[in-house]
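Each remark here refers to the structure printed beneath this line.
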Amino acid sequence: MMTMIILFMIASILFAYVLSLKEPKWGAYATLIVSLAGLVGVSLLRGSVGETVSFYYLHFTVTTIGWYFSMILLTVYFTATFFHPFWMDQLIYPAAYNALFLLSLAGTVGLFFAQDLMTLFICWETAVWSSMLIVQQGKSRQAAWVYFVMSAIGSMATLFAILLTIFMSGTTMITDAFIYFMGSPALGGLVFGAFILSGLTKMGIFPFHVWLPLAHGSAPHTFSPVLSGGLVKMGAYIAYLSVAVFPAYQVFGDQLMLQGVPLPIYALMLLGGVSIVYGTLRAIQQDDAKRLLAYSSVANGGYILIGILMLDQMAFAGGLMHVLNHAVASAAAFLAMAAVAKRTGTTKMSELGGMIHRMPVTYVVYLIAIISMAGIPPMGGFVSKWLIFQGLSHRGLIFLATAAAFGSIGSYLYVFRPLSAVFLGQLAPKYEKIKEADPLMLIGMLLLTAMSLLLGIVPNVVLRTIAQIQIELGIDPIMIKGTITATQNGSVNMLSVFTVFGFGFLLILILFLVLPKSRRVGLMDTYTSAEFIHTPELLHYGHHFYAPFERLYEKWPSVLPLYQRLSLKLKEMGEWAETFFFHAEPNRAVFWMVLLVILITVGGAR
Amino acid sequence: MIQFAGIALILIGIYGLMTTKHMIKLIIALNVMELGANIFIISIGFVAHGLAPIYTADLPNQAFSFVDPLPQAMVLTAIVIGFGVSALGLVVAQNIYKKHGTYDLSEIGGEE
Amino acid sequence: MMGSIIWLIALPLLAAFVSVVAQTYQYGLLVVTLLMNLLVLFAAPQGLTIIGGYEPPFGISLLFDQYALIALLLIQVLLLLIIVLARPLAKNYTPVILVMLAGLNGMLLTNDLFNLFVMIEIVSIAAFILSTANGKLTHTFHYLILATVSGVFFLLGTVLVYAYTGILVVQGLMMRLASLPVALSLIPMMLLIFGMAVELKLVPVSSWAKNIYGQANLLTGPIFAAVLAPAFGFVFGRMMNEVIVLHSLTGYTLLVMAISTFVLGELAAYRQTDLLKTLAFSSIGQSGLAVMMFTLGAPWAGILLLINNALAKSILYGVATGVTAAYGNASMGVLKGVFYHHRLLGVAFSLASLSLVGIPLFLGFFAKVSAVMAIFSTGLIWVPVIILLTAIVEGAYVMRWLLQLWSPAFEGYLASKKELPQKRNVFSAQQILVVGVLAVILFTMGLMPQRFVDALQKTQPAMAQYEMVGQGEQQ
Amino acid sequence: MKKLVSLFLILVLAFFLTTALDQGLDFWHSPSQLDAFRMSNAFVQNDVLGEGGALVFGESKNLESGSANIVTSIVVDYRSFDTLGEITVLFLSALGVGLLMGSGVRTTLRSGFILKTAAKMVAPLMLLTGIYIFTHGHLTPGGGFPGGSMMATAFLLHYFGSDTVKSNLKPLKWIESTAGALYILLGLAGLFVAGSFLQNFLPTGTLGHLVSAGIIPLVYVLVGLKVGSEVSGIVADFSKTEVVS
Amino acid sequence: MSILLVLEWIVGIVLIIGAVACVVTENIWAAIVRLSLLSMLAVVAFALMRAPDVALTEAVIGSGLVTFVFVVAIKKMLPKENENEETR
C-alpha cells in the first residue's frame, strides 16, 4: 500500500507537470484528483500500523501519529486544490507550481511516515524547498527568501542533531537512535535543543516567527492555507518527536523541575507562551487580513507547542487536537480570504468591507473558522484549548495558563477585526458587482467548515485516535465516553454544549427575522458638519479599527530588525574579509603567506 | 656559505615581492627568488671534495665521490620553467602597459 | 600496451605538438583526444605504470588506482563537455587546453614528487594563459606572481623531502617522513602545503581567485571552477594521503586556513551583487571545505564534495557566463528574471545550485552529510557547527540569486506585472544540450547515493583513529 | 613603514628558517660522501636495475643508462618524463607569448653595422657550438637546453642582424612541432619495443663514446631542436611591434 | 682548497649584496643589469658547487636569454626618449 502511494506520488508529480505544460488548468484539476487519491490512500493505512516499507534509501513506517498528522495535512492540501483551477492565470510558472505543490505534499507525508532520521530530514527539506519555490510565485521574493533562511537555520540545527545522533548511536532508525541519549544527558541536551529548533522555526515560535507574516502574507493565495494549516504543522510533528520519541523527560530528569517539568522544556514552553502573547498582540495590529491570520498562526503555534511539550493526559491530547483544529480553521480562514481576494484583488482590510452582501457563504465559512480559532465553545478549537488549559492548570503552570488565557481573549479582538472590516460594514461602491465565490471553491471551503463544526460537536472521534497515540506512548490516555470528554478536573459533553448554543443561535435567528429590518446605508450616504465626505476611506469601518490600541504599538519591539542587523553584520564581515584577504594585490597575499610561514617556523623552533 | 646565499636570495626575492608594486620589478624579484632556490637546491647535493658527476677519462684512481647529480637535474628543469614563467609574466606586463600606460599596479588599481 | 595509462599524457601532448601546425584540425583533435582518453580510462588496468623502465623509487611511475580513476574520469568528462559548450572560445586556445589536459592527467597520475611539481607548473602556466581570455590582464599577472611563488615553495619542499629521505616517490613517502624528527620534517611539510595553497585558494593567498573566477567567460569560468579546482583538490587529497605528515602546528594552521577559507569565502559571497563574483567566492569557500575534509583525514567526504562542486559549478558557471555575455552584465538588477526567457537553463541552474547548497535529493546533500559524519569521527564537534552555520549563509545567497533570476515580477506585486529584460539569445541548441547533459549527470548522481551512503558507513570504522592532526607527533 | 615591516619579517624569517634548516642540512659541514639513503647513488653507479659493477670510462659496456654525464642520464633517461614536462612548459610559454603578442609584425630593432657584421661572423659559430653542445650532452656538460638556447641565440642574431632577409618564422613552428612529436613517438617506441614509456630501448654502447647511451643523444637532439625553436619563437614574438591601425 | 673556500665566501657575499641592490633599486634598467650580473655570479656559484651542466644552462638561459627578453620587452615600452635620438 505504502509503496503504491509513493510510486503514485512520484508519477503524479511528473504527470501534473507535463499536463500543466499543456494546459495549466488541467494540471490544477490533476492536483485535486491526486491529493484526493492521496487522502483516500492514506486513510486506508489506518489499519496497517506497523507496516514498514523501504523505497530506495528511504524507509517508511506507518504509525498512528504519522497517520493522524498526514491525514490533517492531506485534508488541508486537498481543500486548497479546489482553488487551483482559478489561480493558474495569476502564476508565472503554473506548471512548476502544480508539480512543486505535489512535491511538497509528498515531502510532508513522507516526513510523517519516516522511519529513519535521514528519511525524516530528506522529506523535511524537500517540503521546505519546494514550498519556498512556490512562495516566490506570490507577491514577494523577499518573503520566500526569509522563509528559506529561517527554515535553513532550523534545518541545519536539526541536521546537526540528526547526524550526531546517527554517529553516536550507530543506527538511523528514529526510535532506536534516540533511546541512546537516555544514558548521556549532556549530549542529549545538545541534541534535543538542536533537533527541536527546526520545529520551532517552522511553527513560528517567538524569535523565529518573522517569516510567517511575510511568507503567509505574500504567498500565492492558494498556498497560504497550505502554509499555515499544513506546513507549519510539520513543526508540531518535530516537537512531538523531540519530546515523545526522544526521551526528553528522562534525559532532563536530573535538571531543575518546575511543577514536574524540567527546566529546558519549561523554557521552551515559556517561548510558546511568549509566542501566544506576542502573536496575539501583533495580530491585533495588522491591516492585511493574511498577515493577521499569520500572526494568529504564531499564537496558535504557541498553544500547540505547549500542549505537546506537556506530554501528559490532557494538554498533550489538547495540543495534538489543536493541530487538527487550527489546521482546519486557519485553512478555512485563508481560503475565505483567498476567495475574497479572487473577487476583489486585495486582502487589505481597509480596502474591503460589506462582503457579506455579496459573498454570504464565504462569510459563514470565515465566521465558523474564526470561532474555532478563537476557541469559542461550539467549535473544535474550544475543545483543544480547553484541554490545554486544563492540563496547564492541573500542573499549576500559572504563567503559561495566564498566557493561554490572554491569547484566548486577545484572539477575540483580532479575529473580530477582519470579520467586521472585510465582511461586515458597508460595501465599497467598486465591489457592487462582485459575485459569490465559484461553486468549486465553495465546496472546498464548506468541507473545512463542516469539519470544524463536526470537531466541535463530536471531538471524541479524533480524541479516540489521540488516546491511542497516548496509549502507545505509555501515558494516561484522555478519557472519552460516548460524547463526553473527561479529564481529571472535569468533563465536557460537547454535544450538549452544541445543543445549548444551537438553541441560542436559533433564538437569535428568530429574533433577527421577527424584529424590524435595519435600513441599509451606503458608504457615502452621510455627512458631517454639513459637508459631504469625499474621502470615503476615512469613514471605512476598518479604518483605525483599534485606534485606542494603536498608541500601544508605537514603540513596539520587533525582531525583524535584529535579523536585518545580523544580515548586515555578515555582509560587513564579508567586506572585511574581502579587503583583508581577497584584495587584488600580489604584495598583500605574499605578505600573509610570509606571516604564516614565520608562524610555523617560529612555532617549530621552540 | 653558498647555501646561505641561496636562502638569502630567496628571502630577498620575497622582500621584493612584498614591497614593490612595479610589475617588472615584481618579475625581477621573482627571478631573484628562483635563482636563490636554484642555488639552495644545488647546495643540497654538494659533497665536500666531490667531483662533477661526469665520468671522464681522467678520473682519479683512488676513492672519490661525485656530488649529488639529482638536484642538478632538478635545477635544470627549474631554470627552464623559471624562464618560461618570466617570459609569460613579461608579456603580460607588456600588454598591461599597452593598455594602461604604466607598469605600476597601484596606479592601475582593480580592473573591474 | 595500447591500454597503458601513459596514453592519457602522451596523447594530449602529441596532439598539442601537432595542433600547432595543423591549425584547421585543432578543435577536432582536442575532441578526439578527449574521447580516446575516455576509452583509455576504461581499458587501462589499475596499478603502477613505470616510465623509462626503472622501478620506483628510482624512476618515475604513474599510480592509477580508484582514486585517480574517479578524478580522471571527472576531468575528462567535464572538459569534454565544457569545450563543446564554449566551442568558439575554445578554438583559440586548443593547444593550451591540450597541454593543460596532459598536465592535469599527469598531475593526478604521477607517483613522483618532483614530477608532480613539473605537472603543477604545466597546469599553472596553462591556467595563466587561459585566464588571459578574460581580458583582464592585471588579474592574470596577480595570479602568475602568486602561483609562481607557491611553485618555488613547492620546489623547495620537494627538494628538502629528497634531502631528508633520499627518495621522491609519492606512494608511501609518508612513512619515511613520519620517521623523521619533527624539527626536520616541519619545514618541508610547511613548504609543500604553502606550495599548494595558492592553487587550492586557501585564505590568505586566495585573492587571485576573486577576479580570475569573478570575471570569467564561458571558457575560463567552467574550466577554472569545474576542472582546475577539483583537479588540485584531488592532488591535495593524494598528498595528504601519501606524503604530508601533519604536525600539530602545520595541521592546525592548515585546518584554520581551510575553515577560514570556507567561512570568509561564503561570507564574502553573501555580500556580492554580481553573479560571477558570488560564484567566485562560493568556489573559494567550497575549496576550503574540501581541503578541510582532506586535512581531517576524510578523503571520501572530500571526494564527494569535489565531485559535487565540480559538476554544480560547471553548470552554474556555464549558465552564468553565458547569460552575462548575452545580457552584458552580471549584476542582480540586470539579470532579474532572465530565466523566464531561458527556462531549460534555469532548471539546470536551479538543480546545480540546490545541489551546491546541499539540499536533499541532490548529490550535495550526501556530500555534506558525509563531510559532517567524517568530522564527528575525528572528535571535533565544533567544526560541523561552523560548517552548518556557514551552510545557512551559503543557502541564503544561493537562494537569493535563484529567486532573483527566476522571478520577473515586481516586489510586492503579482506575476501579472512583469519587469523583464529584453530577450536575448544566450545559447544555441547544442550548448543547451550540453548544459542539460551536465544537469542530468548531476541529478542522476544524486539519485544514486546508495553507494555513497554505503561507503560512508564503511569509512566510519576506518576513520576511527582519533586525530589525523598531530600524527607526526607520535614519533 | 611597509618596507620596515617587510624587512623585519624577512629578518625574523631568515633567522628562524636558517636555524630550522641547519638542523637537518648541517650547513657548516658538507658531507664527505653522498648520503647512502639518497637514490642518486644508484644513478651514479648505473645500478638501478641491480646489475651494476665498477664503472670504467671507455670500457664499461651495455650499462643501463650508458651516459658518461650522470646529470644527462638522469635528465634524459632515469627521469626523462620530467624533461618531457619541461619542454612542454617552454612550449606553453611560447604559445602564451604568441597568443598575447598576437597581431604584430617584425620589429624594427635598429641594427647597426657592428651587429650586422657580428651576426654574420658569430652566428654560424654559435650555431655550431650549440649543435656540439647538445650532441655531446651525454659526454660533456651541457645538453639540450643550453645547446638549443645557443642555437636560438645564433638564429636570433641572424634574424636581427639582417634587415633585408624577411625571416619567416613558419619553419620554427614546424621544427618545434616535429621535434616534440618525435620525442613522444620515441617514448612510445620505448613503450612498444621495451615495455615502458620513454624506455631506453637502443643498445647503450660503451661508456664515453659518442655513439653510446642509446636514445639519450637522440632525445637530446630533439630537445635541443625543440628548445631552440621555442626560445627563438618567444624572443621573436617579444620583439614584434604592434600593427599601427 | 682554501682558495675555493675563499672564493665561495666572496661569491656568496657578493650574491647577497647584488640581490639586495637588484631588488631595492628604483631604476628598472639598473635592476635588470644587476639581475643579469647576479645570474653570472650564480653561474660561478654553480661551478663552485661542481654543477657544470647547471652552470652552462644558467649562463645561456638565466643570464643570457632572460636578460635579453627583459631588455626587449621593456625597450619597446619605455623607449620614447631613446628613440627620439635615433629615428626622428
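For reference, chains read A, B, C, D and E in written order, and residue numbers begin at 1 within each chain.
One rule holds for everything that comes next: a contact is a pair of C-beta atoms (placed from the backbone, for glycine too) under 8 Å apart; a residue touches a chain by one contact, two chains touch by 3 or more.
Just so we're clear, the structure is a prediction, and the values are computed from it rather than from any experiment.
K.L.:
Find out how few touching-chain steps suffice to connect chain A with chain B.
P.N.:
So the least number of steps between the two chains is 1.
K.L.:
Please indicate which chain is farthest from chain B, where distance is taken between mean Cα coordinates of the chains.
P.N.:
A
K.L.:
If you tally the C-beta contacts for B-E and for A-D, which one comes out higher?
P.N.:
Of B-E and A-D, more C-beta pairs in contact link B-E.
K.L.:
Find the most central chain, measuring centrality by the gap between its CA centroid and the centroid of all protein CA atoms shown.
P.N.:
Central by C-alpha mean position: chain C.
K.L.:
From the centre of chain C, which chain's CA centre is farthest?
P.N.:
Centre of mass proxy via C-alpha means gives A as farthest from chain C.
K.L.:
Report the inter-chain centroid distance for chain A and chain C in whole angstrom, where each centroid is the mean of the CA atoms.
P.N.:
That pair's centroid distance is 42 Å.
K.L.:
Where the CA atoms of chain B average out and where those of chain C average out, how many Å apart are those spots?
P.N.:
Using C-alpha averages as centres, the distance is 29 Å.
K.L.:
Roughly how far is chain D from chain E, going centre to centre by Cα mean, in whole Å?
P.N.:
Chain centroid spacing, chain D to chain E, equals 20 Å.
K.L.:
Could you work out how far the Cα centre of chain C sits from that of chain D, in whole Å?
P.N.:
Spacing between the chain centres: roughly 32 Å.
K.L.:
Multi-chain contacts in chain C: which residues touch at least two other chains?
P.N.:
Residues 114, 118, 121, 125, 128-129, 132, 138-139, 141, 145, 149, 160, 162-163, 183, 186-187, 211 of chain C touch two or more partner chains.
K.L.:
Mind pulling the chain A residues that touch 2 or more other chains?
P.N.:
Counting only residues that touch two or more other chains, chain A contributes 584-586, 590-591, 594-595, 597, 601, 604.
K.L.:
Going by the contact rule already set, what residues in chain B reach two or more other chains?
P.N.:
4, 8, 12, 14-15, 17-20, 26, 44-46, 50, 52-54, 66-67, 70, 72, 74, 76-77, 79-81, 83-85, 87-88, 90-95, 98, 105, 110, in rising order.
K.L.:
If we use the touch criterion from the header, which chain pairs count as touching?
P.N.:
Those chain pairs which touch are A-B, A-C, A-D, B-C, B-D, B-E, C-D, D-E.
K.L.:
Report the residues of chain A in contact with chain B in the complex, numbered from low to high.
P.N.:
It is residues 584-587, 590-591, 594 of chain A that touch chain B.
K.L.:
Quick one: which bits of chain D touch chain B in the complex? Just the residue numbers, please.
P.N.:
2-3, 6-7, 9-10, 13-14, 17-18, 21, 25, 27, 29-34, 38-40, 43-44, 55, 57-58, 68-71, 74-75, 79, 82-83, 85-87, 89-90, 92-93, 96-97, 100-101, 139-141, 143, 145, 207-208, 227, 234, 237-238, 242
K.L.:
Tell me, which parts of chain C touch chain D in their complex?
P.N.:
My answer: residues 1, 4, 6, 10, 13-14, 16-18, 20-21, 49-55, 57-60, 92-93, 95-96, 99, 102-103, 106, 112, 114-115, 118-119, 121-122, 125-126, 128-129, 132, 160, 162-168, 183-184, 186-187.
K.L.:
Using the touch rule from the top, collect the residues of chain A that touch chain D in their complex.
P.N.:
591, 594-595, 597-598, 601-602, 604-605
K.L.:
Report the residues of chain E in contact with chain D in the complex, numbered from low to high.
P.N.:
Listed in rising order, the residues of chain E that touch chain D are 51-57, 59-61, 64-65, 68-69, 72-73, 76, 86-87.
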